[in-house]
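Listed next: structures, encoded as structure tokens.
The following pair of complexes shares a single chain, chain A, combined with chain B in the former and chain C in the latter.
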Partner chain A sequence: MPADSIRDAVIIGGNRIPFARAHGAYAGASNQDMVTSALNGLIARFGLQGQQLGAVAGGAVLKHSKNFNLMRESVLGTPLDPNTPAYDVQMACATGMEAIGSLANKIKLGQIDSAIGGGVDTVSDAPIVVTDELRGILMEANRAKTMGQRLKALAKIRPGHLAPQAPGTNEPRTGLSMGEHMAITADKWGITRQEQDELALASHKNLAAAYDRGFFDDLVTPFKGVSRDNNLRGDSTIEKLGKLSPVFGKELENPTMTAANSTALTDGAATVLLGSEEWADAHDLPKLANFIDYEEGAVDFVDGEEGLLMAPAYAAARMLKRNNLSFEDFEFFEIHEAFASTVLAQIKAWESEEFCREKLGLEAPLGSIDRSKLNTTGSSLAAGHPFAATGGRIVATLAKLLHGKPGKLGFISVCAAGGQGITAIIEGR
Partner chain B sequence: MAQKIELPTLGSVYRQAAADAVKSKLSSNGSLKALPKEAVVTEHPGISAEQVEQYRELFGGEAFDGVHRQSLPSVLVHIAAFPVQMALMSRKDFPLPLLGMVHLTNSVEHHKPVYAEQPLEILARAENLRPHRKGTQADIIVEISAEGQLLWSSVSTYLGRGAYMFSRSEHEEVASGSREFSAPSKTALWTLGADTGRKYAAVSGDYNPIHVSGLSAKLLGQPRAIVHGMYSAARMLEGREPESAGHSWSISFEAPVALPGRVAFAAEEKDERTLAFTGWHPKKQRRHFTGELKLPQS
Partner chain C sequence: MVKDTYTEFANSSLGEKITKTLGLPQPAKLRRYRPEAPLIEGPTVVLGSSEASDILADQLVSWDLDVRRHVGRREKVAAVVAVFDTAQTPADLSETVLALGGLLKQLKSSARVITVFRDPQGNEDPAVTAARKGVEGLTRSLAHEMRAGGTANGLILSEELDAAAPSVSGALRFLLSGRSAFVSGQFITVQNTNGVLPDEWTQPLAGQVAVVTGAARGIGAAIAKILRRDGAEIIAVDIPAAGESLAGVANEVSGTALQLDITAEDAGDRILAHAEQHYGRLDIVVHNAGITRDKLLANMDPSRWDSVIAVNIESQLRMNRTFLESELFNRPEAGVGPRIVSLASTSGIAGNRGQTNYAASKSGVIGMVSATSAQLEARHGTINAVAPGFIETEMTAKMPFATREVARRLNSLNQGGLPEDVAETIAYLVSPAAGGTSGLTLRVCGQNLVGA
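Up next is the complex of A and B:
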């Protein structure tokens, strides 16, 4: 297809519920409750009641099996026209980015005119499952044809089989938690405690300032009595952060990762409305920015060849090359703060001549990122990180930052479990 | 020279060992100072598809779908041969006491693939009785073949702890195994539940009491149950052995892994064909094992 037949995918706006620390304000809310509420807020804000959209896509990382059709069930609970198709997407912490990026592509190709992308996650209502042994026995009993066979199967149940199994954030192939993986990468890149604490502090200060100046007024709708991300500590100081003990990489000579420079477990949902230019105009909707491009990346982390959360470093290089851009061309950088060290390791990698030559195959390093352009309204360390909701939070935030700056570019990087990640470019209008 | 035997069951071997322990095989006259010259050999009907699936349930890994993966893991082949090793070591003319025997090292040449349900001939013989600082050690050689072709061979070195069969100076001259250890950067963390020994026992048939529970381990003088050494070998190799075989690997055991417990693990590429492995206690900086896998030249 010739390039001139691809039309713009416009980011019209976003809505999310405030993110809340796990096992707190949203402890009684399910994924479906939260994403439905976020969708309802978006629908109300842009007057989408009764409208049939091209598609609604999103997902959750921690999902109950009963939520196999999470997004479709959620759409049916909103005032959208029930003829609006919806489907679930899952790419760990990059779920929201993948949902939004692929919807933007469908709009660009003319397959659909409008879409909502996003994601949701709750740690407070995580799916608890039974052990593999108990499941095996129950399935065997289910297959039994006679009562005798059924009882024989059930008689195999032992007390040890009954322990509930909570989902972990450990990587299945290494058994290491994401924090432990990150601690190894941070150590390899020589990232200091001071730099990490400074980044965490900046995240809190920036998010608090953005709330105070009303930046989130048209991006966030209160939920269950919460009107601001309740992980936010606007009054934190570098001294307070410096007092915390390390929680990851404790066996290292110089452990640097604390509860403050690592994201807290949080619950929340975020959504983004996308459309073609014509559709936005026909419905008299704002056009904040264009979704230009996105790139997925993956690295071989299993035996430590590359750090678990370093895939965006590779995706960025390919994406910039394809678009003939360099970091100097960007006005804002949104690098998801899974951990402060995740952001710092990516930045150091892009600055490293050796990394860019050996790993990215570039003649010169990608260069530095101006810190005054980085996560200017806070990021996950302050807001929290309900895994699949983070992409929607970032896209809506960055689109708003770029609105009224036609042609100015924003860069997004989101790392994900399984050694994956996504980077994206959006352009103000 | 080889004595043909029926495929033994490990239960009968352990019962014999317990009986021998009561009789104290190491008689004071020291009449047994040599390894049996005779090998034992047995026909194995083949590793059952059911056992292959049990092994996979324990260690994870990709499905044995009969197309993309059918070559059996080296440690499962070792499991098939283990009763034959034990039959040899429980013979009346084997000089080291079976109970309390410590597995020191294991090295395997996996020449050709071994498949499920493939009838095998398994031969075991003992070699190289020699002093160790803490007793006497011997090598058990295992050769597994099918239709006259050698598929798999191994050398397992065992220590008869406390069995001092050589002169005092000969035992003392053997260098101690303790070396300085600085932990590499870990690439994985194994979390082993209290039932890990029982689970491996259920797959391997090796219900050695030192592995199955804290209580039974205490009877043998271990404060807690310890994991089978070959469990660690299996995890170390999972997903890394080539389907067409032709590889070799080894493992040297150091401090035992107490259950429940965690093992920090590192896989490091030494060169294009060689991976080095280390397992250690994540807090105490005590090494549990070192290992190596050498892939065939492609």
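Up next is the complex of A and C:
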């Protein structure tokens, strides 16, 4: 297809279920239950019953092997036309962004006219598996041809093999948790406890205010009796946050990261409806914003050259250059709060002349970000962060913020495990 | 919803014998509307000798009904239409009334008696008015005497109205059909020649867009489903906290869900914006959302009083102002204008202990409907209210057992109504065939005066 036929990918709207703290309200719900509910709410909001969409894409970071076709199975449980194709995507915490970004590209290229992207995660229904040793023995027994061989294989089982294995969130190559990695980066950038607590507090205040003014009325549909993100503490104060003990980087001289300025483990699902302009018009659907561009990034965190969650700092530079934009051109910034210090470290990096010159190869720093434009309706510290659902939450929220502001731009940054991350640009209409 | 075990028992062969012997109430299984079923099965007898009675008989014939002027003594009768429109004095009623009486023992189950007469308020002559009021009284009493799920209702024609007016046909059809299963002892007035009969009686709302508030459950969900069945596109509205079940209802009716607190200042505007965006039109508004916060007035606190007033009536007044000022809701099309139906309650008519707040709001609805009617009429539209009696819902399921059992039986049909019964009446009132009826509060209560 010739390049001049690239068309707009329009964000029509979104729907998510409220995010709930792990092992709580959604403890009995599976990934499939949650993403199906989020899809049902989206279908109801936009009257998509019986429609055949171009594609539904999304995924989960913590996923049972039986959910090999999670999105397709979920689509089959909704009123969408069962002829709607669906596939799973996985890029750690950037799963939702990758799903949405790649669907937007397909729409731009004219491959599809409509799509739903998103993601889901539950820590409460995590895929617990058997040990590698036990699995090896069971597979050997399975391959055995005689009863004798089978018994011989099974006789190797030892009590220690029987311990269930929960999925870890530790980085496989360093053995460090994400929090420990972040603590190193925060220390390197000299991020203070005070700054982190202030950012966390702003997240809670902004999210609570947005709920109170009905901002989420057409972005969230309740699930299992929960109608607001239940990690939200709108009445928190800087004094209360200041009393918490550090939980990461405790061996450091000055540990700063607490449970309040790090995201809590949460369960939830989020979806975004995308379409071409023609498709949206033909179906009488709103057009909130255009998905302009997105960029993936990765850094070498294994050797300690860069912080685990710093990839978006690099991706942003490349994406801005490609689009000939600077931070001053943006109306809103949505920087995923994996930890308060993640946001602050990225901002400091973009403000740093040295970092921008040495690491990003820029003559001048990318510049600072106006805090009044940052995470204005709250972010992951308040809402929670069900890994793969975060991208959908952010894109739908930002699209709504930009709706009615034609041409105004919004910036997204989402970091991910494995030293990866995604940045994106959307434009109001 | 709690199962009505007694009604099931009374309809079993043993139960029927026992309840009859003991003189206990005998609730019948009511004939309810199914689009694919005949309008009514069996002979319909038209009594009276006026020109109007001929017009009505012709209308019934055009619906392929078995219309008779006389039936044999052993024949079963499905419905009687008794026309009194020319009565000049109470003594004039005698012939038709006694002929009607002679047919009552021949009625089938879920039979219909419909009295047709002129508006008692439309004439100054004492004798004429006495005759007309007399028909009201006999109709109400007859409703109490009906058995086996039968109902008796009145169809009132305004002074000069031609009996061939579309809404006369619309009302007649509603009263004959299973749509009016739980309506008895009530009167429908047709004021004018507004209204249009549908091309297809099973799809009277085809191409129309309806918003239903409080649609996530109970009566509201039933309204959404029945308006959809009748052909309407549905905008299902409920508070954000009810969003999960609201989405379920919206998906079931292939409509759209709008999470909205109707007490918000901009609620009307948000509904209009949604209707404009998704459908480009808005034809029907059903104000169903309502709450109860029961307390004796002596113990009433401001939050209980104010919240009931805010949700049940103030929100409707505010939204109606917005809708009536808008361009979207005021585009008459082929003689059919905007239609509004509000949920009132029999509590708003008779009062109910512990419900001063609720009754104030629901009486308020009745007043609002009557006072808004002129504005709607000017646009070929209508505004009416429906007052449910005891309806089997989640709300009434929470009543104590004994109270619920008594409430269920305290009506002429000896049973509670279903959410569908309320919805069917609403579907009739918002149909183009009811365009000549406005400002009315129609009770769906099985002729009962207790209930929420």
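Just so it is clear, the second predicted complex is superposed on the first by the 426 of 429 C-alpha atoms of A that agree within 3 Å, B and C clash if a C-alpha of one lies under 4 Å from a C-alpha of the other, contacts with A are read in each partner's own complex, and residues count from 1 in each chain.
Rule of thumb we're sticking to: a residue touches a chain if its C-beta (ideal position, glycine included) is under 8 Å from a C-beta of that chain, and two chains touch if they have at least 3 such contacts.
Remember, predicted model here, so these are calculated numbers, not experimental data.
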item: Fit or clash - chain C, chain B, common chain A; value: fit
item: Touching partner for A:Gly175 - first (chain B), second (chain C), both, neither; value: first
item: First (chain B), second (chain C), both or neither touched by A:Pro159; value: neither
item: Which superposed partner A:Gly148 touches (first chain B, second chain C, both, neither); value: neither
item: Degrees between the directions from chain A toward chain B and toward chain C, using C-alpha centres, nearest 10; value: 150
item: First (chain B), second (chain C), both or neither touched by A:Gln49; value: second
item: First (chain B), second (chain C), both or neither touched by A:Phe223; value: second
item: Partner, of chain C and chain B, that touches more residues belonging to chain A; value: C
item: After superposition on chain A, the shortest CA separation from chain B to chain C (Å); value: 44
item: Residues on chain A lying within both footprints (that of chain B and that of chain C); value: none
item: Parts of chain A lying in touch with chain B, wherever the complex brings them together; value: 132, 160, 170, 172-176, 180, 184, 187-188, 251, 302-305
item: Residues of chain B defined as touching chain A within the complex; value: 57, 60, 183, 185-191, 195, 239, 264, 266-269, 275, 282-283
item: Touching residues (chain side chain C, partner chain A) in the complex; value: 236, 240-244, 246-248, 250-251, 254-261, 264, 277-280
item: Chain C partner contacts - residues on chain A that touch it in the complex; value: 37, 40-41, 43-47, 49-50, 78-79, 214, 216-218, 220-224, 227, 284-286
